[in-house]
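Multiple structures follow.
In what follows, subunit A forms one complex with subunit B and a second complex with subunit C.
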Partner chain A sequence: MAVDRQAVLAWLESLHRVYAENRDFLTELDSAIGDADHGINMDRGFSAVKAAMDADAPPGLGPVFQTVANVLIRTVGGAAGPLYGTFFLRAAAACGEQPELTPAGVVALFQAGVEGVRQRGKAEPGDKTMLDALVPAAAAMRQELNGNGSLEQILQAGAAAAEAGMLSTIPMQARKGRASYLGPRSVGHQDPGATSAWLLVRAAAAAWLGKTE
Partner chain B sequence: MIGLVVVSHSARLAEGVCELAGQMAQGKLRLAPAGGLADGALGTDAFRVREAIEAVYAEDGVLILMDLGSAVLSAETALELLDEGKRSRVRLCSAPLVEGAVAAAGLAAAGAGLEEILREAHAAHSAKTAQLGSPEEGPWEAEREVAVSNRLGLHARPAAQLVRLAREFAPGATVANLTRGAGPVPAGSITGLLGLGARHGDRLRIRAADPAAAAKLAAFIESGCGEAEQPPAPPAAAVRQPPEGHLAGIPASEGVAVGPLFRFRPPAAAVPARKAEDGKAEWERLAAAIRGAVEETRTLAAWATKNAGADEAGIFDAQALSLEDAELTTAVSAGVLQEGLSAEQALKRETDAFTARLRALDDPYLRARAADVADVAERVLLRLTGMSEAPAIPGEPCILSARDLAPSQVRDMDPRLVLGLCLESGSASSHSVILARATGIPAVVGLGPRLSGAADGTTVALDGAQGVVWISPTPEECTRIEERRRAWLRARREAEAIRDKPAVTRDGKRIRVVANISGVAEAKEAVESGAEGVGVLRTEFLFLGRPAAPTEQEQLAAYRAIAESLQRRPLIIRTLDVGGDKALPYLQAEPESNPFLGLRGLRLTLARTDLFLTQVRAILRTAAEFPVGLLLPMVSSVDELRQARALIREAGAALEREARDYAREIRAGVMIEVPAAAAVADRLAGEADFLSIGTNDLIQYIMAADRTNARVASIADPFQPAVLRTIRQVIEAGRSHGIEVGLCGELAAEPMASPLLLGFGLEEFSVSAHFIPGLKRALSRWSMAEAEALAREALDLDTSTAVRSLLADALRRAG
Partner chain C sequence: MKKLINAPEDAVRDSLAGLALAHMDVLRVFLSPLYVVRLDAPVQGKAGVISGGGSGHEPMHGGYVGKGMLDAACPGQVFTSPTPDQIEAATLAVNGGAGVLHIVKNYSGDIMNFEMAAELCQAKGVEVRSVVVQDDVAVENSLYTAGRRGVGTTVLAEKICGAAAERRYDLPRLEALCRRVCENGRSMGMALAPCTVPAAGRPTFQLGEDEMEMGIGIHGEPGRERVPVMSAREVAERLSEAVLADLPFREGDRVIAMVNGMGGTPLMELYIVYHELARLLKGKGIAIARRLVGNYITSLEMAGCSITLLRADDEMISLWDDPVMTPGLRWGV
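Up next is the complex of A and B:
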């Protein structure tokens, strides 16, 4: 089983829906420990992505991801723009000229994207950021792949790890970003970045396993 | 020549900086602003940055200056968007935006190369720091090494100072102990810093994103972290020494005592081995306890600064910081939110682990700090568990000292063994102190930590009426104190002798003296003490500490047993009086930020009519056989009384249908304990059968001061004119409607208040059983004429101090 351009476009389509649906939820999370714009920013970015894809989706996986990155960088505003933009830039590079992704290709895409976010944000798991969801997700996917897991197992492991990682941010005290100004008051709140990251991974699993979000 | 790009959230700022920098280069430099988003909004866009780079690109290279936050991320992203060939010729500069841009432009115009400009631009704000002063010197490195200069190492107080500095200037800084291979730990973490075990002479490495901050931290450590003078003595001398002579505290419970000191060290608070059902709620509970303990510790620190010196205060300061420590809170909250541990378990596990780390260190001073951490953790635990353990009192008579005691702990004390109490915190009107008075144990409170260093067995004397404590009194002092003790004991015996006689003023007016009780045992005690009845039966004891509300049958059995032991004396049963601060699992109360102003007392039972109807049924059935009245707590409007009356009728109607024995008529009274009820006392008196003034809460609500908060407790003085006027007004309202008015706060037991309350026309005093003999004796001293004159005079005064001194004089004259 492989992920082709059509599946990638379906993922992006579902991300637009997911972030629109979770716009208020993410903003509410962000209002507790940030500047209350994460949901609005993500929704704006992925609405623009959808518009770009509807207008003129490029051929090939790499160009599609490159366009997503460009749109996000231009439209999200705030730190999520360069961070998710970098995720898709690296994803584009990881895809290269491949017409479709094997399970190994999917894992490589996520690993490259996550590594990009890590480098861009100079953050590590435990800092209460999107990396708390992304790093475990990429690691879990790699592990499933190494154990000869199917694409389904890989994606499900990734989504589960992202969810657990997202929940692990609740007791954390933030060390990066605006929430870090809050010190101990950031404890007890789920990180909005980790939450949008989990939505990203979960949407991929749903879209590529043929389930609707 | 290089090109220069200026990145900012604001397009106008980027353009302005370019303008300034361009002037330096006199038009020779290629400059490009990259500010704002395409639609003019504030923000940064990596593509704009890339376009700006492309616009000024030269083979000599491009330097990028940024403002902050996402500008940095976008500039980095822009590099990634560039051709690889060009990318290697672009540098991001961390210099301050304006200084860096101006310096770079000047250097570029002078023909400097990219790397040289990058280096020099970094140093660009040195002109400003030279002008304005900075501890900074030498190369701009974000890493520093220093030796610990403090003789006792980086112990709690200097570490606390360092934490403050780090939090202010260098949130991201870390410190490692190179000598011992410990760390790095966040410089803003007190537990981390103490865990480094840094001793005198150890080499520390400081790392910070900002070189100036690293230098500042290093300089601070080198200077001894604010400890200008090194303590000359070895660690043992750092142990707190008790001061000589006598200490002044708050007078709390009358009486004189002398004996060997016994310091009550609370047993490790019970840690319930339960799982938390709702992690979020459990964390909220823990966070509230931590906030409370931090506040308490800060109060102690402020107190210590004033009264005990900076050394003592530094310890409390460090304790408060350990509670706010990021590493600790993260670990503890993970236990609660993820492993489902109870707040107590999670806190205990993590603080135990931390104290174990401290105890494992080489340095004896730091090892001793483990006790401070355990101490402050205990402070949180006690808030969580409610200080329930009874102190293990030695078998010999002693003077007990403690930080604070729970009412339950005082209640169980034998006055023959606990001769006196010395408490560090608290106020004269906390429940524990009320109980100490009731039990006849002299007490002085609000002493602060001054007694905590005195060894067990040290002779200590106290005078609870004056609030004085003597440590190791001289033989002459001892003689005088013993004499006063004998006089006090004599007066007590006399009071007991008149116990069973009715209370009568000197001119023959009968006054009812009744008891406040909460259980069968206290009912018996009330009878033994000479109570003419019970003014308030607090029923909360039936409801607390159980998973479900008591059934009608259970309540009926309890009320009957109490009524029976009163032998036909009248019994007033107060309906449930709890609020959001009490954890009754079956109430499922929403957490309230201010339970004191929340859903409590009658408000709560009107919202939970199931509880109210069950209780009223049990009371009505008891009233069929015994002289029983019903009292409604926390009433604030006539409307609430009417609602309660309607429910009482409903309960009666149901009992009628079921053909049970019940009282068809029951006396229903209203507690006057909020200012609103006092203000409409005349209206309430028109509909209620009697009024009962609950001064404990009423005073706090009138004065808006918490009597358990030592800092405002003195405001909550019952002799405040505002309080006295209110009390008189309520008594008047009752009298003009021909209904009885009682007073059931602790004020009723205060000897100084007796003539005042008599003068206001109060005819029923309701007090703890122990007070009854003394109260009867106090009432018998006065004639109504004297009391009324005194009351008039007191109402004319402006301050509680003046009222107190008027009453004290009168009391002296009355003998």
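Up next is the complex of A and C:
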């Protein structure tokens, strides 16, 4: 079981749908502790990704992710643009020239992407950011892989860990991003970045399991 | 939501098209990627000064493009940082061979996007120096926050550094001056009513009839503390005391003072606040050398104000007095 270019394009297509559907939800989360634009920005970015892929999707996995990165960096703005852009830049590098991803390749992609987000944002788990969903997701995927888990088990473990990580941001006090300006008032709210990160991982699981089942 | 717009997604571009038409003697607007640039850029031999950030803070930053202030400004979507391609294009457009100073407000998005752009420009051989404005005393500066927000001092830094670049300060000297301005400027703001981001369609937070929000930023985000509405005198006291204690400002200091409206506050009220501020500072032996009272760094239609004080030396005051010709500030020309 492997993830090929068609599966990657299906993931991107579903991300466009997922962020459009969750646009108001993410923006609502962001209005509680941020500046009420996260859903709007993610929707704009992945609409542009869809337009770019519909117009001219590059032939290989690496170039597809490279294009996604460039489009997100250009269209999303805010902190999410450079952060998700860096995720896909590193994903592109992790794919290299591979025509398709083995389970190990999928795990390597997520680990590289998450490490990129950590470096660009200079944040750590516990800061109430995207990383609270992404770091546990990548770790859970690695653990399943090391235990000879199937692609299905890897993706499901990643999505479950991302969801738990997202929920773990609720009692946290933010230390990065605009939510940190609220101090203790950021406690009790789910982080919008961790939420959009969970959607990203969950959509990969849904798109790729649908394909490989 | 009631706004004078055509469509939420067109608001930023439509507004910049109007800015370009209204001020065609001063600046031009490039649409793709989006940036505002002074008419005579690049000025050979002069270090460029650029800034940028989310839209919705007008006249900042596009309204400060022109001779004596910014060479270019990069507007993002409303309250959203501009993207690296915009900042790169603006930097290359104003580089007159003496490098470019980026004045960046301390927000995670702005920092990351300017950082990516600076890397791209440096790869093309253009020297870029960046100074981060972080003057909002409402935010505790500690390891536990993203650091203080950049607010009112940005306007003063853009004016002073723009004048210095016009006098042909080289890039390192310009950078040092900008850091000095940032180190000596402090601000704090409050809101009586929130604002509505056009694309969101709803107010960014709710305030009761009898409530106000102290320590707000400029992106419609709530502040640190919600309190019962106070008089202008009490508000001026609360804001200025937090600002004064932080630097701290001392008896004998000379300051450039700004009483800034958040976009939805009548000038009448801003002058009331300025009157209170002037009285308070006089009582403390602090002299207001220069001042601005008006809407300079706004948050759409938010009602409220902010107070910025900059401890100014002779050089800053002299640069402040230099001619400036922009849509938002214009004197001496």
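We take it that the second predicted complex is superposed on the first by the 210 of 213 C-alpha atoms of A that agree within 3 Å, B and C clash if a C-alpha of one lies under 4 Å from a C-alpha of the other, contacts with A are read in each partner's own complex, and residues count from 1 in each chain.
We take it that a contact is a pair of C-beta atoms (placed from the backbone, for glycine too) under 8 Å apart; a residue touches a chain by one contact, two chains touch by 3 or more.
In this text, all values refer to a predicted model and were calculated from it rather than measured experimentally.
With the two structures aligned on subunit A, subunit B clashes with subunit C. In the overlay built on the shared chain, the residue A:Thr27 is in contact with subunit C alone; subunit B does not reach it.
Of the two partner chains, neither subunit B nor subunit C is touched by A:Asp54.
Of the two partner chains, neither subunit B nor subunit C is touched by A:Glu124.
In the superposition on chain A, A:Pro171 contacts subunit B only, with no contact to subunit C.
Once the two structures are overlaid, the count of subunit A residues touched is higher for C than for its counterpart among subunit B and subunit C. In the superposed model, A:Val187 lies in contact with subunit B only, and not with subunit C.
Contacts of A:Gly77 after superposition on the shared chain: both subunit B and subunit C are touched. When both complexes are aligned on chain A by C-alpha atoms, subunit A residues 73-74, 77-79, 81-83, 120-121, 173, 175, 180, 183 touch subunit B in the first and subunit C in the second. Those residues of subunit A that touch subunit B in the complex are listed here as 70, 73-74, 77-79, 81-83, 85-86, 89, 120-121, 167-168, 170-173, 175, 180, 183-184, 187-188. Put simply, subunit A touches subunit C in their complex at residues 27, 31, 33-37, 40-41, 44, 73-83, 120-121, 173-178, 180-183, 185. By the touch criterion stated above, subunit B contacts subunit A in their complex at residues 37-38, 41, 43-47, 69-70, 73-74, 76-77, 80-81, 171, 280, 283-284, 287, 324, 326, 329-330, 333-334, 336-338.
Looking at the complex, you find that subunit C touches subunit A at residues 33, 54, 76-85, 107-109, 112-113, 115-116, 138-140, 143-146, 149, 197, 199-200, 202, 204-205, 217, 219-222, 224.
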